[in-house]
Each structure stands twice: as structure tokens, then as C-alpha cells.
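The same chain A turns up in both complexes below, where it pairs with chain B and then with chain C.
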Partner chain A sequence: MIRSLLFVPGNNPGMIQSADVFGADGVIFDLEDSVHIYEKDNARMLVKSFLRNHPIHPAKIVIRVNSVDSPFFSADLEAVVGDEIDYVLLPKARISDIKMLTEKLETIEKEKKLKKQIAIMPLIESAVSLVETEGIAEFPRVSALMFGAEDFTADMGITRTKQGKELAYPRAKIAVACHAYGVQAIDTPFTDVDDEDGLFRDASEAASLGFAGKAAIHPRQIEIINRVFSPSDDNIIWAKRIFEAKKEADQKGHGVFSLDGKMVDKPVISRAETIREKAIACKKWDDGFEK
Partner chain B sequence: MKIGIAGSLESNDALVTIKESTTRRIEIKSIVDAFFHEQIEKTITDVLKEKALQNVTVLIQDRGALDYTIRARLLTAIARMEASDD
Partner chain C sequence: MKNSLEREIPDGKKPFISPTSYAERIYHSLPETRHDGNPVFLDDLDDAFKALDIKPGMTISFHHHLRNGDHVLNKVAHLIEKHDLHDINLAPSSVFPEYDLVPVIEQGRINDIYTSYLNGPVAQAIQKGFLKGNLIMQTHGGRARSIEEGELKIDVAFLACPSVDRQGNGSGAFGKSACGALGYGISDLYRAKKVVLVTDNVVDKLEKYQFDHRFVDYVVKIDSIGNPEGIVSGTTRITRDPIGLKIARDTSFLLERLNVLKNGVSLQTGAGGTSLAVMDQIGKRMAELNIKGNILSGGITSYHVKMLEAGLFKNIYDVQCFDLEAVRSFRENAGHIGISASEYANPFHKDAIVDKLDAVILGATEIDLDFNVNVTTNSFGSIIGGSGGHADTAHGAKVTIITSPLARARIPLIKEKVTTVTTPGEDIDILITERGIAVNPRRKDLLDKLTGTGLPVYDIEELMNLAHKICGKPMEIKKSSEKIGYVEYRDGTVIDSLYRLR
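Now for the complex of A and B:
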């Protein structure tokens, strides 16, 4: 499970080599927007050299390559795709782009004799990408979608606000598509790194719609994001009580039972199971409790 | 004369300049020269050997770059030199 993904500029060695110390579930080495057009080769080589020669890597490695229609796309892939990386984050993703990227990855994986299959994380950041979200999410290699609100609102000609009402529809559409196809939904970064309350509200809004995690643009955002996208202690206690009550009900042969005066049936048990899965992934579930 | 420059003078980085020459010359200016001169020189000679480059002048202005950064900056400088006009 990816709760937090930290963006790191691909041409900044100081930030690259300290990226794994901030507690993010994954790091995005960015070859796109944070790298000047004249420094693309420098960044590509730096990230490649780090991945091949630096032994310590954070949990998940994501590379944001330049878009399919840029002159840098193929060179980015050929340089950085290897067993060290987990995802390619594709900007301005369209269905046709995912097809092309899938073919490119298959070719590179064969040529380099990789031991793993590299997953694709499309970035939904335009109106047309949003319209194609379901088609993008169903590709076998796609295992997460990321929402890019800055480019999306620019493409729509609307203003992004801290309240984020304008993001409700695209977030809901992405979250539903992700759940329909069993992939993770990762929310857009919150761009005011000094506003921790705003980040908490923004992340909580995304979590309430079904997002599993959120991108970060500053290390100080990671703790809040991890907290929001982990099950709360209250939720974990509730889930454990559900399992205890279910055990008793099973012994009595009851299919439906009640806890604290509320009916507990299959959807409620399913919700408790989801909390347990997330808590296990976050290392917050005590094995001593009933499963 | 072909020349390639890559990197920066920011902390943790290195600015590498390489140009064609009639002999090999490696010049290292580093804030940690007293401790890491030999290691930096070895990284440079290893990369030059990998790229089969003999007669070049390499100037590295190091701001505390780790080995992977020096390798990357030199490789990019070499690629830029090879792509440059005479």
C-alpha cells in the first residue's frame, strides 16, 4: 500500500541521496517538470547512476518520465528502467499512451533481461485523460492512478482553491475507476507546504472519497499524509470488536448480529476487513487479536 | 576543440568539464580534497576507461558530491563533448 509518495527533482543530488530518510512509502524521481529542458540528460544520467550505484533505496521507486509526445520519452525509459524501479509515472496519460508505454516496457524488459515487470502509474491531469480514466485503469500493467490537480485545473481553465470543491468530481471519478479495476488511487499534491491544517483537510477529503494515498512535494508533508491514509486507532479497535463479535455469532450460528445496538452484516464485516488489511500494511495491526 | 560541461557548483554536486587534448590531464578541486582526492581520481579514471577515452583534459570542481554523482556528471559531460561541434 502506498500512502505517501515524495516528489524529488531528478537533477538534485542532495535531495536524491536523502530521499529515503523521510518515511515516505515511495519516492518519485522526477525527470519532467522539475528539470530544466537543457538539463534533461543530466537528470536522466544522475537518477540512473543513483539507482545502479547507491545501495539504499526507499520502499517504492517511481520515475516520472517526460510525456509520450516529448522528445525525451524514449531516452528516459531506456536510461532508467531496471530492476531497481517499481513504477513509471506517465504524465498527461491517454489510453493510446498506455498502449505505447506497455509495448516499450515489454521491449526494454526483454532486452535488459529484467527479473520483474515494471508497473505503470498514469497521471490523470487533463479533461480528456479524466474522460478516459476507466479505459486507462483497466490496463493490466496499471496498478495505481495519480490525480494531477494543477494541470487539470489549468486545462479546464478554472482556479484551484484550498477548499477544493472544483476537485470533487475528478477525484470521485478517479477513485471509483480505481476501485472498479483494483488499482490504487493516489491524490494530487497539496502545494502550500506551510499550511499543515490545509494539507490535513485536503488529504482527508481525498481519503473520504476512496483515495489510498497522496503525493508530497516536501518532506514535512509526509507524516500528515501517512497519518490520514492509515486506519485510525479508533477504527482498528472497532474492527477488532467486529471480529470478536462475529466469532461469537458464528459459534451461535447467527449470520447477522449486532454491536453497540447496530446491525452488523456482510458489508460491515467487509469494511472491518479492509481496515485490517490497511492496518497490517501500515504495521498497526496486533497479531494477537482475532482474525 | 570538442568540450562538454555537466553538473553544478551546488552543495553535494560537482561541475565537470572535459575537452579533447593531446595528453591526459585530470585536475581536481574539491572541498574534501584532503580526504577523497584519490577516490575522486579513481572514479574519473574508471569512467574514462569504460568510455575508452585516453587523451582528454578533465576538470572537476567538487562540492562534496558522492561517487554516483561524479560518475553521472562525467558521463553526461562526455556525451555532451561527443555531441558538440569542433
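Now for the complex of A and C:
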């Protein structure tokens, strides 16, 4: 489970080598927008060198390569794809791009004799990408989708606000598509790094729609994001009580039972199971506190 | 000759034994040197200099409250040169980069220098071997103790004073050069044979003052005692460095888990960006948990003031203000109390503030496998600071925490042996870095409390090896064998030597 993904510019050696210490579930080494065009080769070489030589890596590594239509796409892939990375984050993704990236990855994996298959995380950040979301999500290599609100609102010619009403539709569409195809939905970064309350509200909104995690552009955002996308202590306690009550009902041979005066049936148990799964992934199930 | 930490010390000096061995000896404090209570007012520092009949062999002291903006020390240094004086000992409580002492040192006019903090060109001149005598690095509390005991005998104290009234009382709270508390000059005021207050603001009457006229011989009014921009920074800022912020969050969480953050807590942190971030985190948690603390101490900043004014702490005990907000608070808040360096940290002061601290959060240039800390030199042996209150608070506080990145510019923090010992490992309890926490094995009680908290606790050697894995192990730098001075522990014993740079 990925709750938080920290963006780190690929040309910042200090940030790259300490990216693993901030508690993010994964790190995105960015070769695209945060790297100036003059620095593209520098960033590519630095990230490659870090992946091959540095003794300590983040838990999950995502590389945001430059888009398929850029002159840097192939060179980025050839430099950074290896057993060290988990995902390629593809900007401005369309169905045709995912096809091309899949083929490229297959070739590189074969040439480099990789031990694993690299997953694809398409970035939905234009109107046309959003329209193609379902088609993108169903690709076998796609195991997560990320929403990019800055580019999306720019593409739509609308203003991105802190309240985020304009993001309700794309978020809901992405969340539903992800759920339908069993892939994770990762929300867009919140860009005001000093506004902790705003980040909490924005992340909570995405979580309420079904997003599993959110990207961060500053390490101080991670704690809040992890908190929002982890089951709360109250939810864990509730789920545990559901399982205890179910055990008792099973012993008595009751299919449906009640807890605190409310009926507990299959969907409720299913919700408790989801909480348990997430809590286990966040190492919160045993005692209710994150380790 | 070696002390108990196996550090070479100059022959004939008292070797450091342990942080508690001073308790076995009897403290003889000299009586305070009251004068006739009628200070003479002059308009020219040179006139005071002549009247004082300053001679070779004398010791002249200063406080450092005007920090990088100090004009007083510089004017006295120029007078030493003008009067062609030699064999003068200096005892400034700290030495800042702007202090114009290099010419008189290079001309061979200065014998010993006693101070608690030193960096910049003066440090470089001393390490080139220009000082005739020794550089003696003391702690803030150790300096006050040595003056009170008569170990450091001050002939003349030139004390910069932002406001002086017509009776000769002095305050740092008012005037164009206001710097707030004047705590580091008070031992000098009470024990120096002659005391000169140097001011640029004479007022009719001060209702509140730290320098009492009964101890003052001369008041000299000059145009300007300091450059306000160098005296206090306009603002002090929390670090924005993500590593510093992470360390700060972990420190606050750790204090909570150690049950230190509770009603009545007394704390001290430094004034650096990471320390302020720790203070900010602690403040937020105290507000959330409705905890009311007792004492905040040390160098005071706007963040400390904010906590006092929010009712999170009962009192600030202030030896030195670091920014304009702290100066304002010192002037206006009844709960913001100025204290002397002796009341703050003298090991023999029965009611010293450092002994009341539940926790202190300090920095380190290096720490070693025995938890000895160096804040005096860098890993190349260059003097870049000094104890200040480091060793004093580390000993006094119930829990002493060092916060630092595991490596700075590819130089690992943890060494097998530190280049210079400033604070003995026996007084250091916990090291917090961005990649893990180490607890001194002497503090099994703390280790037990942290078990099961989810905090990443390692053996300090494991953390050192982790740093070596990331940065490589640096080549050992050989010290010169020529000593240029030594580091005193707070009780006056010698904890380490200082060397000429190769």
C-alpha cells in the first residue's frame, strides 16, 4: 500500500540521498518538471548513479521520466530502469503512451536481464487522459494511477483552488476507475507546503472519494498524508469489535448480528476487512499505533 | 600528562577526573568588590584607560552581549596598541568574528585569552601560534566560577552597557544599542578590581537594572557602543531544512515518550534553526496536551517569548537575548527574568538554573563512541566555537539530548574518538539523528522507556557504521603536537588540549 509518495528533484544530490528518512512509503525521483531542460542529463546521471551505488534506498522507488513525446523519454528509461526501481511514472499518459512504454520496458527488462517486472504509474493530467482513464487503468502493468491537478486545471483552462471543488469530478472518475481495475489511486500534491490544515482537508477529500494515497512535494507533508490515508485508531477499534462480534455470532450460528444496535451484514464485515488490511499494511493492527 | 578521558593535557594543570568530582572540594568564593558607589563619569575611553593605569600583566575582561556589533572591545584593543602595552591578558566571555583583536595578538601584546566561545579570524590567528600565552576555553558556568573563586583575577572589566543612569546603574533593556540581558558581565562586575561601564545612552534614572552602581568605578559615554545590526538579529528563524525538521519532530516525540513533557517541565534548547524547530514542536504538543511548563532558559529568542506569552511556561530565565523580540520581552514581561552566568550555570551555585532542567537539547560538531561531544573544533582541529553553556547544561539537566544530522558535507558526526572533548560522554544521554537514535548505555532507564515506542534506537557504533556506509570513513587527520591552549571543564580541571594548526 502506498499512502505517501515524496517528489524529489533528480538533480538535487542532498535530497536524493536522504529521501528515505522522512517516512514516505515511496519516493519519486523526478526527471521531468522539477528539472530544468539544461539539467536533464545531469539529473539522469545522478539518479542512475544513486540507484546503482548508494547503499540505502527508499522502500519504493518511482521514477518520473519525461513524457513520450519529449526527446528525453528513451534516454531516461535506458538510464534508470533496473531492479532497483518499482514504478515508472509516466506524465501526460494516454493509452497509446502506455502501449509504447510497456513495449520499451519489456525490451529493457530482457536486455538487462532484470529479475522483476517494472510497474507503470500513469499520470492523469489532461482532459484527454481523464477521458481514457478506464482504458489506461486496465493495462496489466498499470498498478497505480496518479492524478496531476496542476496540469489538468491548466489544460482545462480553469483555476485550481484550495477548496478543490473543480477537482471533484476528475478525482471521482479516477478513483472509480482504479477501484474497478484493482489499482491504487494516488492523489495530486497539495502545493502550499506551509498550509498544514489545507493539506489535511485536501487529503481527506481525496481519501473520502477512494484515493489510497497522495503525492507530497515537501517532506513535512508526509506525516499528515500518512495519517489521513491510514485507518484511524477509532476505525481499527471498531473493526476489531466487528470481528469479535462476528466470532460470537458464528459460534451461535447467526448469519446477521448487531453491534451497538446497528445491523452487521456482509458489506459491513467487508469494510472491517478493508480496515484490517490497511491497518496491517501500516503496521497499526497489533496495538493501534503506527510503528 | 593524560586525564581520565585519556586526553593529553599540559603538564602542571589539574586533570579532569569526572563530571561530579568537583562536589568533593570546598568552594571558596571571593567577597564581592564593592566600590565607593560614586562612579566617575567620563567622555573618553582613553581618559579611563589612563586613569586606570593599565600595566603589563593585567587582565582585562569584557562580556559579549553586543556580539558581532561590539565596538567596546575593539576600542579597548586599539588603546592597548596606542599605549604600546604588552603582556596583557584578555577575558572576553566570547569572541566573535568582528572582534578586532588580530593586530594586538599578532604584535605579541596579548598573553593569555580566557573565553567560552571563539571563532573567526581571532581563532585563526591563535592557531597560527601568535598568542604569547595560552588560550583557555571555559564553560559559561566555569568562567563565572573561576572569577568568583579568584582563579581568573580581573583587573579591569570594560562592560558595554546600552543604558546607564546618572547614579551609575546599567541596563541592557533600553537605548539604541539595547541587547537585553547582561548576564555574562555580572561576575566581572562583582569581582573585577575596577569596573568601567561604557555606554552611548545616559538617562536620569533606571527603575530596573542588572549592573548596580555600587560596583562601578567609571562610566564612559561614547557615541556608539555597537552596531545594532550586529548586536541582535532582527529575527531568528526555524530551519526549513527537511532533515532538521525531522530531527525536531523526533525529538519532541521522544520527550513525550520519556514522559518529560508534563506539567512543570523545565527546558533549554539552543538558538539554532533546528533547536528552534524542536522548541516549536514542543510548544505545539504542550498546547495540544494542555501542559504548563515551569522554566525556559538559555539564549532567548522570539520562539521562547511566544511560549511564555502563550502561558506555556511560567518563567524565562535569560542570560542572553538573541533577537529583538527577546529584548522587548526582557523589557516588558515580568516573567522574563535576567540572571547572571553564575546563577545560570556555576557548578557551585546552590540554586543554578541548569540543575533545574528536565531536559536540554544541544548540538554537536562530533560525538564519539563514548558519547564525548566536541563543539570546540571541527574535524580538522580548527576552533569553530566552544562550550558556552554546553557542558554546564549537559551536566545539570536530567536528560541531555544531542541533535544533529548523521553527516555534514560527507563528514560523519560520529567518530571513534572526537577531535576535542568539550563535554564528557558521561553527561550525554541521547543522540538523535535523521537516521536513528542512540542512547548512552549508562542510561538504561531511558533505553527501557523507549523500548516499544517505534523510535529507531541503535547502538551508537551501528549509527557510525551506517554513516561510514553512506559517506565512507574519513582519513584520520594528524594533530600538531604544539599546544596553544586547553579546554577547561566547568570545575576548572582540564578536559582537553588545543593545538596549533599544521
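Just so it is clear, the second predicted complex is superposed on the first by the 286 of 291 C-alpha atoms of A that agree within 3 Å, B and C clash if a C-alpha of one lies under 4 Å from a C-alpha of the other, contacts with A are read in each partner's own complex, and residues count from 1 in each chain.
FYI, a residue touches a chain if its C-beta (ideal position, glycine included) is under 8 Å from a C-beta of that chain, and two chains touch if they have at least 3 such contacts.
Bear in mind that the values here come from a model prediction, so they are computed numbers and not experimental data.
S.K.: Who does A:F200 touch here: chain B (first), chain C (second), both, or neither?
M.R.: After superposition on chain A, A:F200 lies in contact with neither partner.
S.K.: After the superposition on A, what does A:F243 contact: first (chain B), second (chain C), both or neither?
M.R.: The answer is neither, since A:F243 touches no partner chain.
S.K.: Of the partners chain B and chain C, which touch A:L46 in the superposed model: first, second, both, neither?
M.R.: In the superposed model, A:L46 contacts chain B only, not chain C.
S.K.: Between chain B and chain C, whom does A:H54 touch in the aligned arrangement: first, second, both, or neither?
M.R.: both
S.K.: Taking the superposition as given, does A:F257 touch the first partner, chain B, the second, chain C, both, or neither?
M.R.: In the superposition, A:F257 contacts neither chain B nor chain C.
S.K.: According to the stated criteria, A:V21 is in contact with first (chain B), second (chain C), both, or neither; which is it?
M.R.: A:V21 contacts chain C only, not chain B.
S.K.: By the touch definition at the top of the document, which applies to A:P13: first (chain B), second (chain C), both, or neither?
M.R.: After superposition on chain A, A:P13 lies in contact with chain B alone.
S.K.: Which chain A residues lie in the overlap of the chain B contact set and the chain C contact set?
M.R.: Touching chain B and chain C on chain A: residues 17, 54.
S.K.: Please output the residues of chain C touching chain A within their complex, sorted ascending.
M.R.: 242-243, 245-246, 249, 434-435, 454, 466, 469-470
S.K.: For a test of understanding, state which residues of chain A touch chain C in their complex under the given definition.
M.R.: 15, 17-18, 21-22, 54-56, 218-220, 223, 289-291
S.K.: Over in the complex, which chain B residues touch chain A? Could you list them?
M.R.: Residues 6-7, 10-13, 65-69, 71-73, 75-76, 79-80.
S.K.: So in the complex, which bits of chain A are touching chain B?
M.R.: Answer in residue numbers: 12-14, 17, 41-42, 45-46, 48-50, 52-54.
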